[in-house]
Amino acid sequence: MSTVPSDLPKDAGSRLQELEHGMFTSDLSVNEFLLVKRAGFHPLGLVMGSSIYHIGLQRGNWGQSQEMTKLSEAMYNARELAMKRMEEEADQLGADGVVGVRLDIKFYEWGSDSAEFIAVGTAVKAEDGQSYRNNQGKPFTSDLSGQDFWTLTQTGYFPLALVMGTCVYHIAHRGIGQAIGQMGRNAELENFTQAMYDARELAMKRMQDEANSLAAAGVVGMRLEEKNHMWGEHTIEFLSIGTAVARRAGADHVAIPQPTTIISFDN
Amino acid sequence: MTDTDGRSAFDSGLTTPDFAACLSMGLQPVALVQGFYVGQLGAWSSYRANAVHTYPCPWGWRGTNEHPPPGWLGTQDAVDEAWATAFATAHQRMVQEAEGLGAHGVAGVQVEMGHPASEQSTEVHLYGTAVRLAGTAPGSLWTTRIAGHKLAKLVEAGYAPVSVLYARCTAAMYEGCYMEHYGSNMVPAGTALTPVQDVHNLARTRALQQAWQLAGGHSLYDVELSAHEGEGQTMYVTCQVLGSLVRRVRPTLPLATPVSTVALRD
Amino acid sequence: MTDAPAPRSAFADRAHQEADLGELGRLLAQAHGAGDIGRGCTSHLSLDEVLLLHAVGLEPASVVTSTSAVTVPPGVWTWNTGQVQEADYAFAEAFGVTRDQLRVQAKQVGALGVVTVDIELRLDPHRFVITMMGTAVRAATDEHGNAHFPVRYPTPFLCDLSARDFVVLSRSGWYPIDLVAGASFVHAPRRGLGAAIGQATQNVELTPMTETLYAARELAMGRLQQEIGRVQGTGLLDVRVVDRPMGFAHHVIRFTAVGTAVKLLAEAHVHPELEMVVPVDDRVAAFDARNLD
């Protein structure tokens, strides 16, 4: 057993030791478990990372649309901390990767301006003895379900890492004059449109940059989440998140079976 | 809807797929049939539960003016009997209505129960679609909560519907001074709260026992078991069991090995 | 109210003459008046689940249920530091007793185990009440009286997996062993006033807080793993973790994890043959102008 990385809180060690002796825990459903097994992986254990983070203060300029860089940094750094700790737990178990990763943010009543960032997933190890770690030598991470993971492996592609980009943006309030001028008319709120565009573009670009640095072929299951969290209506976090994938060496000609078309009679 | 020969059309509570599945089994819907019963419960407070157990004072006191009497556990048989009568009567009325139509069974039975006027009243309303099996002489009429393809599957699997079944038990527990003792600092965490456990277990066990008796050796499927706890000086736990009674008429056919599939969808 | 109304359907009268019942209709007609050849049972499973269980040699026997209630002494929820040990203990006790009682009931009806156990946790300030309800299953016999379920359990198994999951899992060689739980209740750490002022504008990790919650979560998961080891399971599937502040005491964070310990009892894992399918009955996510308010 390797020593616990100093970054991991001390209590993480003993639980992981038990998992090294063949017992596994997982929040995979039965179907997901069987599909992950079918894809050639065995679950090692539920791994998680958490960080309670104080999010600094930054006030938006009432009439100006702008990125709140300090808040963007906070959201990114805190998630990174949680993800990193989860990866470290997986690393300690000798895992090839983590499937079914969920990122959560919890706001507690007693923790003003702070939030807990959590990453949870199931660490897995290949049964064929080969290494499936990503090109940075780290366990791969993915938020794909067991079903999607199996389907992806059928295509010859393989997850590299969960990639994300975030941008907290303050969207300007309309000037009173402008609001009166537009009253009663159908009109595009151009500054809103532009602000939303900019913010989404920033978030997506940051995610793509992460994917590029991994030399990924693409990002699957990408989604864009928009949340106000605790900042009121005009400050929004745009979070772009997905699984960066690459074609696995030697998987150039993968014949994907023609899927059967069915109509389910389930209610 | 009008029917050109001047007689009325059938009416049915079946959904379209259920209707189609019934027709495929040779079951012709005849009419929506129903049975009602509205009754009165005697005043709850005057009911004396049938005590099955008492909880003596943990401090060893006997009932005195300063001290509450010992706690007890029992069942509110009169209340449960009132509901059982209400259900049985409403069911019987629905069956009679269906028999009058020459039906063989009632499919897709819905059960609604409530207190229409006050807490002191009981209402049971059962309704379903009377169906006739073409070319077959009427026999003892069956009722079931399922319809359509589920009913088809039941028949195919070698079962036949019998009836809708309802059972219930209301258990009551008066805590005496027991909970006062157990709510104090003197009792360590994790100590069993026997009276609370007992009242929950009694309600559920009795309701299931009653269901067994009513089932008369048949199989009760799709059991819905719901328990409700009332707060107060006397704690009531009501457990209700609703299910579909079926009988096995042929040995079960071996099920073909299912195909495992992964759906490509989000 | 006893007189039934006169027949009011024309459709069915005509249908009476159409004698072709089809296969199912004939079966239904044959069933008329036929005796019950089954063993009686109560079950909260659907018919599909019953048929699936039959396919692996099991049949429902009886609905079983058990409740246990335990004390939580007054004062334990007052904001303090560290673990709420009384609550940890009370949870473990209530869960253990309910589970054992459910197994006793399963034994009484001669069952092999209990599937689809529904677990209800009621955590009130002064008491924890845990209820479990499931359908006990027994070995089904064929017409020659032979049982086909391949596994012998020394004591009835319990699982909160659905009958469908149970069947799918057992076809792959894995079987449920027992229900397991791990719990930990912890007081949120208070922040020093000085720290709060100093950090007001900064992005910074609140390390003591992270460590407190980490430790509590690890404790719950560690207890869960101990339980799996105790029942000699090798894994835990579908674990449901609840970590959130208690409704009546926001400064206490609850970590509870409940799931079914499983074990590979066949000689090797058996992969299911999979077929990729495309359902064509997906509901189309349509543009809905009503949402544009």
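Each chain carries a letter (A, B and C) given by its place in the written order, and its residues are counted from 1.
Note that in this section contacts are C-beta pairs under 8 Å (C-beta built on N, C-alpha and C of every residue); 3 or more make two chains touch, one makes a residue touch a chain.
Just so you know, these numbers come straight off a predicted model, no measurement behind them.
Student: What are the two chains with the top count of C-beta contact pairs?
Tutor: Comparing chain pairs, contacts are most numerous for B-C.
Student: Determine the chain that sits nearest the middle of the structure, using the mean of its CA atoms as its centre.
Tutor: Central chain is C.
Student: Which chain lies the greatest distance away from chain C when centres are computed from Cα atoms alone?
Tutor: Centroid comparison gives A as the farthest chain from chain C.
Student: Centre to centre, by mean C-alpha position, how many angstrom separate chain A and chain B?
Tutor: The computed centroid separation for chain A versus chain B comes out at 46 Å.
Student: Quick check: how many Å separate the C-alpha centres of chain B and chain C?
Tutor: 22
Student: If you average the CA atoms of chain A and of chain C, how far apart do the two points sit, in angstrom?
Tutor: About 28 Å separates the centre of chain A from that of chain C.
Student: Mind pulling the chain C residues that touch 2 or more other chains?
Tutor: Within chain C, the residues that touch at least two other chains are 168, 272, 274-279.
Student: Could you tell me which residues belong to chain A and also touch two or more other chains?
Tutor: Expected reply: 35, 150-151, 259-260, 262.
Student: Would you please write down the residue numbers of chain B that are in contact with two or more other chains?
Tutor: 261-264
Student: For the complex, which residues does chain C have touching chain A?
Tutor: 161, 165, 168-169, 172, 188, 190-191, 199-206, 209-211, 213-215, 217-219, 221-222, 224-225, 228-229, 233-241, 243-245, 250-251, 253, 259, 269, 271-272, 274-281
Student: Okay, in this complex, where on chain B does chain C touch?
Tutor: 3, 5, 7-11, 24-31, 36, 93, 96-102, 104, 132-136, 139-140, 146, 150, 152-157, 159-160, 182-185, 187-193, 196-197, 200-201, 204-205, 208, 211-212, 215-225, 227, 241, 243, 247-252, 254-255, 257-265
Student: Which positions of chain A touch chain B when the two form their complex?
Tutor: 35, 147, 150-151, 259-260, 262, 265
Student: Can you list the chain B residues touching chain A in their complex?
Tutor: Counting only chain B, the residues touching chain A are 149, 261-264.
Student: Contact residues on chain A for chain C in the complex?
Tutor: 9, 11-12, 14-15, 18-19, 22-31, 33-35, 37-38, 43, 46, 48, 50-58, 70, 73-74, 77-78, 81, 106, 108-111, 113-114, 116, 120, 150-151, 154, 256-257, 259-264
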